[in-house]
Structure formats: C-alpha cells, structure tokens
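After this come two complexes, each holding chain A, first together with chain B and then together with chain C.
Right after this comes the complex of A and B.
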C-alpha cells in the first residue's frame, strides 16, 4: 500500500488537494509534485483538505513553504481545512497556524476565496 | 460564579450607607468588597491573561484610576507589561527597574523609579512580592477624582498585592510549564523528522534527491520560504539547489579565493551578517538569505545550506540551529556515500574494461605451436594484475618455414590491447611476403600512420628455415634475444632498427644465425629482464643467460619453465609488475 496518495479536484476555480496517508521525507515528492502541477497550470487558489492526512513531517511543511511566495505573489493563497488533532498539533507547535489560514471544513475554505473575491469586486 | 457573593456584601454596604454610616468606614468596606471580588476573580477558571486583566480593572475601578498597568518580572529581570489600560502611545513593552527593596508602595513624588513613572505616565507603583522576591509590579496613573494617592490607597494596594502574589506566580509557573512543554514538543517533532529524513537519505542514490529532501525538510522545520545549497567542486563553490530563490540571481559559481574565507569561517551555523565581507556574503544577503549552515565532513566546510528569514519574523532559536546542523551532517554523510558508490561503480567499469582487454590479448596468442622438423618451439605469456601489451606469435610460412614474433606495446589496458590486435593482424597479413628487413620497414610506416604519437611497439621478428637451420631476424627496438651455443658461449641478436612507430622512414637491417643442434634461442620482453627482487635488483640479461646455460641440454618447454620459475623465485611473493612473456626455440 502506498504511504501517500494525493487526489485533486477543482471546485469553482479552487484546486483541492486530498492527501491521504503520511507526508514524510519519503512521500513528500508526491505532495510537492501535485502543488507544483497546480502552479504550472496557473492555479493559485489551493485548499489542502487534510481529512485523510494522518501525519505531516517537516519535509511536507517545507513543500508548502517553498511554494507559498509564488502562490501569494500571484494573488492566490494556500489554505488548509479539516485537520485532525495530530496534524493540528504539529501546525501549532511550529506556529504554522499563524502563517496559514486554517478552516474547519472544506466548504468554508472554498467560500473564503469566494468572499474575498466578492469583497474585492 | 462570584458575582452573587460580592453582590450580597454590596447590598449590606448600601444598607449601611442608608443608615448614615461614616464615609471613611464606607470606603474601607468598599475596599474589602473589592478585595473579595479580586480574590474570587484570581481563583476563577479564567485563563492567565484574563485573570491579570480582570485584576487590573478591579483595582482601577476601586481607586478609581484611568491608567494602569500590571508588569510581570521575566527571567532576565526586566518587567513586561502583561495587562494595561490607558497607557500613553509608544510606551515600551518592557522596562528595567532598579532593585525593589520590599513590598512598600512607591509614590512618584518620592523620586525612585523615575524612568518607569515617566515612561508610562504613572503616579504609584506597588511591588508584588512572593517570599522575599519581586514577581510583578502594579502601576496606576493619577486618580480620576484629582485626589493624590495617600497611605489609605497604599494599604489597599498592598492588600491587593498580597492577594495577587500567589495566583500571579501560579500563572507564571503555568506559563513556564507550557513553554517547556512546547519546547519538548518541538524536540520530539525534530527527532521524528531527523529519523524520517535519515531513513530516506540512506536509500537515496543521487545528489539531486538528497539535496531536494534536505532543503524541503529544513524549510518546513524552520518555516522559511527560501533555501539554497552550495557545494564545492574542483575548488569552485557552486549553487547545487535553490528553492524560493531565482537561480539566475545566484547562478555564477564563486572562485576558490572568494569562497575560502567563508568556508574557513563556517564552523557552526552563522547569520549572513557574521560572514566575512565579500562577494559570497553580498550575494546571499541580496537574495534575502539570513542563516548559513556549514556542510562539513571533517574540519573544513565543503559547502553550505543558507535559508531566508523565518516567515513569522521570529529570530532563529538555538534549537533551530541545532536542527539545521544535524540535518546538514546527515546530508553530508548521504552525499559522501553516494560519491563512494559512484567510485565503486567506476572501479567496476574499469575492471570490466581490463577484463575485455585481457580477453583480446589472450585471443591473439596462437593456440598451439606448429611442429617443425629438427626444432622445438615453446612460448608463454603470463599476465600480471594490469593488462600489458605483450604479444608473441608463431606463423607457418610457405615452404615449411616459420615466422616467430615477440612484441611489447607501450601503455597498458584496453588501448594497448587494441594496438596489439592491429600489430597482430598486420604481422599475420605480411609475414613471409617480403624479406624481414623490408617487412619491418612497412610495419613501421603502418604504425606511424595509424597510431598516436606517443604509442610505439618493440618487435623481434625472425624467419626460420628448418632445412638450412638458418634464422633471418630483425630486432625493432626489442630486448635483445639470447642465443646459447652447445659449449655455453652466448650472443645477443642485435641487428635491426628502432621501435616501430617512432621514426618515419627508419631503416632496418637484418641479422642471421645458423642454429646448430643443441643450441637455444630465447626471446623475452622486458617484463622478464626487468623483473625486480625484493631488494630492487633486476633479473637482467645475466639472469636469463644463467638459466639458459644451466638448462640448455633440455627441451624447449623445460627451458621455458625454468626461465619462468627462476624469475618468479627472483621477484618473491610480491610478484611481477609487468607481463612475463618468452619464446624459446631449441635446435634438436
């Protein structure tokens, strides 16, 4: 069984990533590859739905850090949703929660992008 | 909840007032109610910050004052504002106070702690002591009703301090515990990561994968969005990996002179500002990089990782530096093991090439020596560790004649064996087609045309007519063969010219010898005459002649065996450094 699978989906112009399993040093390339694929297609509104994510190591956080300047520089953002307790603890230990917007559910994360657009228009 | 209890006392106070209670007594009661309110608040289930905030508001309301601050003493001895109301704009977050002698209230007019009074616009400071030790200070601005603070207020404030000391200290301990816990969690996470990364690094077999993994892990852990990895190669310090930084900005490699001062300085993680001034520091700084971590296997750094500022704006901690350094060490170990792996693959490739060269060489030797009436021929070539360029051949010619050749190609390995293959083919094609001297001239021209300048071949070539016992030979720069007559006298076959492939248009002369029954002719390569003893003395022509004389009555094979045995005995267990090749012709 693969340690990590990442499904992707597009909803209302927002790219959703569904990592399932463990993002660690071994699997980080899969995760980073999906982020880079979205960026290559000019998709800068990204929501990572962490519902299936059991654990994330530094390498995984690094993949996000490495992409965030490009994402925000293009007017987009990477937001997180549906974190389990373990993943939320990791984010809080490192202060990741201060750098990224985290939502309880995928729907809230998607609508947060829409609200920003409405406010902007 | 505490409100009802306080409320009941408040109602008693109201009643007392209606009955015309004296104002000073009323005030005292009111203060006691405040203290009750404060105590219940301090013991409530609110969070630490909320408790301090509520405590401040209670005191400000009681006095009353529009400005107030609660300072808590930190580990460094400074006092930090933890709760405040109405402080002037630009008031510092922290201030150092002169040592506080005791829990007595300090008024502004007394002149002590002037700096604090001025900075925050306060009128009174009330130290909060816990067991002889100041842990906090409560400060208040001027009273809203314009009255100055007097001893009554001072007594109230000291009561407040007495109530608040223990809860504040508990809050501090709780805070400290939380901080320790947080640090512990970070450590545990670090360990998980290091374990995770090291497992992955040990199974990586290319530099790119290792560099990529190390940079992402470092970025994720330190919360930085920029990371680069520089490594030295051939003295230059070049960019091997970059994330979050434009490669073009960092592309050009640094020269050894530019890199050396930085690499020498890097014994531990340093901030970019701590690097010696120069192009490396300038370029890292202009790309927004802040912390540099050495990649070092032994004493000297062989490169470094550099990361940008933390996105949170917080400074790097000692833990961050330790983590980065540990990760860097693992990266170096992994890169080194990849390098060793590559070397061993390279060695395997060379071994295979050598094997092929040896197979070529062996395939060129004649499978068996032809039978000729009145003569015996025996030959052998004994390879040493490295494949040299020795060769011999025995070619039957028309009219029962026989061509004999022993050659030594310059160089070793595959190139030597390929050159030897072409000499072999030419000899086979040309043998017997013209007199030996002319044949050597043609071979020389051929070699000059087809080989590189520094390549040459020494060749002894002879044609034997068994009917007349006559040998016509040409020695092209080869070790002179030895002829030993029946009576033990010897002579060297010298006639010929230079080695093949050296001189254009070289002339070759041929020599002749008629071999009487019992005579022995031995043709060797220099691997035999130059074979060295453990004392570094050469076997030499004398050694060869000694063996030939001693065994001249025996058959060709026996003489050859004796030669090889003697050389091997001479060199001892160290063995020969070159191929051993010899051809023995015995007249019966």
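Right after this comes the complex of A and C.
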C-alpha cells in the first residue's frame, strides 16, 4: 500500500486535495507536487481535506508554508478541513491554527470561498 | 509469571524511504504498550521527526549510513532511542520556533524538534561511545 496518495478534484472553482496516509520527509514530494500542479494551472483556491491523513510531519507543514505566499499573493488561500484529533493537535502545537483557516467539513471550507466572493462583489 | 515487556531494536539505512517502517514499528510498539491509537500515532510522528533529523543533519542527506532504533516498553514509560554515528548536532544550535517568521520568511527550522518536545514528556540528546543518542520518553498515565 502506498504511504501517501493524493486525489484531487475541482468543485466550484476550488481545488480539493485528499491526502491519504501520512506526510513526512519522504512522502512530502507527492503532496507538494499536487499543490504545485494546482498553482501551475492558476488554481489558487485550495482546500486540503485531512480526513484520510494519519499525520503531517514538519516537512509537510514546510510544503504548505512554501506555497502559501504565492497562493495568497494571487488572491487565493489554502484552507484545511476535516481534521482528525492527531492532525488538529499537530496544527495547534505549532500555532498553525492561527495562520490557516480550519473548517470542520469540506463543504464549509468550499462555502467560505464563495462567501468571500459574495462579500467582495 | 509476569510477561516480559516488549522491546525492539532495528537498524535502518539513512534513507527517508525507511521512515514508513519507522512509523509502523513505533506505532505498533506504542499500541502494545497500551497507548491509544491517537497517542500512538503522535509518538510515531515524534520518532519520524527524530529519524528525519538524523538523516538531514547528522548524516547531511547521505543514504549509506545506519540508524539504530531502540524501542522499549519500560513499564511506567515508553522509551525510544534514535542512535547515529554522524556529526554531532548540538540541539541548542537548532533554531527555535518563531511563529511570526513562519510566513514572512518561510522558516521551517526547529519545527520538528518543537513537535517532538510537545508530543513527548522528555527529549534528550547525548553523545555516547562516539555516537549520538536522541532519547524520547513518554510516560504512561497512571491506572485509574
């Protein structure tokens, strides 16, 4: 079984990433590759659905940090949804819950982008 | 007769492709020591980070070295030692986590050690017989 797979799909202009497994110094390339693929296609609204994530090590958090400037610089954002206890705990330990928007569900994360558009229009 | 507490010692090549194995054995041993699934996963993450540190800092990414893992259920505590024969890395020189600089400077230095320290009850580094030993300890909650 692969240690990490990342499925993607697009919903209402938002790119959804579904990492399944664990993200560490070895598997981070797969995760980073999917983020970069979205950016190369000009897709800057990204939601990472963490439901299938066992854990994310510092290498994975580095991948998010490495991309966030470009994402936000292009008017987008990377938001997180559906965190289990372990992943939420990791984000809280590192204070990432203050740097990234975290939603209980994928639907709420997608809707948050739409709300921002409506507020801006 | 009391059953012996399980202990395990393995040597792996200094390659990140073995981190999955490190995660699996640590999690299995932590579960067998009585930790919940969530705590066992976090312990596996801490050992993953410690092993990654060895590969990146003690061995500077060289994949032909050896890392020894000693995992032990010592009754009241769960102990993992990650041992290498690479360069001595003084943990005091590892930059501390600076939240404010995460985004502005994309600094990731120190995140791994910070995670290890928050997950474990103690993280110590020592030099022994020309080897570096990173010792991670998690105490078990006292029985109710």
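Note that the second predicted complex is superposed on the first by the 121 of 121 C-alpha atoms of A that agree within 3 Å, B and C clash if a C-alpha of one lies under 4 Å from a C-alpha of the other, contacts with A are read in each partner's own complex, and residues count from 1 in each chain.
The working rule: contacts are C-beta pairs under 8 Å (C-beta built on N, C-alpha and C of every residue); 3 or more make two chains touch, one makes a residue touch a chain.
Predicted model only: the values in this text are computed from it and were never measured.
Novice: Have a look at where A:14 lands relative to chain B and chain C in the superposition and call it first, second, both or neither.
Specialist: A:14: touches no partner chain.
Novice: Just checking: does A:85 make contact with chain B only, chain C only, both, or neither of them? Give me first, second, both or neither.
Specialist: second
Novice: Examine A:24 and indicate which partner it touches, taking first as chain B and second as chain C; both and neither are also allowed.
Specialist: Both partners.
Novice: In the overlaid three-chain picture, which partner chain does A:94 touch, first (chain B) or second (chain C), both, or neither?
Specialist: both
Novice: Touching A:69 in the superposition: chain B (first), chain C (second), both, neither?
Specialist: The answer is both, since A:69 touches chain B and chain C.
Novice: Quick check on the superposed pair: does A:54 touch chain B, chain C, both, or neither? Answer first, second, both or neither.
Specialist: In the superposed model, A:54 contacts chain C only, not chain B.
Novice: Just chain B (first), just chain C (second), both, or neither: which does A:38 touch?
Specialist: neither
Novice: Which chain A residues are contacted by chain C in one complex and by chain B in the other?
Specialist: Overlap of chain B and chain C footprints on chain A: residues 24-26, 57-59, 61-62, 65-66, 68-69, 89-90, 93-95, 98-99.
Novice: Per the contact definition, I'd like the list of chain B residues that touch chain A in the complex.
Specialist: Of all residues in chain B, those touching chain A are 182, 185-186, 189, 192-193, 196-197, 199-201, 212-213, 215-221, 223-227, 243-244, 311-312, 314.
Novice: Quick check on the complex: what are the chain A residues that touch chain B?
Specialist: Touch list, chain A to chain B: 24-26, 28-29, 32, 57-66, 68-70, 89-90, 93-96, 98-99.
Novice: Within their complex, state which residues of chain A touch chain C.
Specialist: Residues of chain A touching chain C: 3, 22, 24-27, 54-55, 57-59, 61-62, 65-66, 68-69, 84-86, 89-90, 93-95, 98-99.
Novice: What residues of chain C sit close enough to touch chain A in their complex?
Specialist: So the residues of chain C in touch with chain A come to 16-17, 19-20, 23, 38, 41-42, 44-45, 48-49, 52, 55-56, 97, 99, 102-103, 106, 108, 111-112, 114-115, 118-119.
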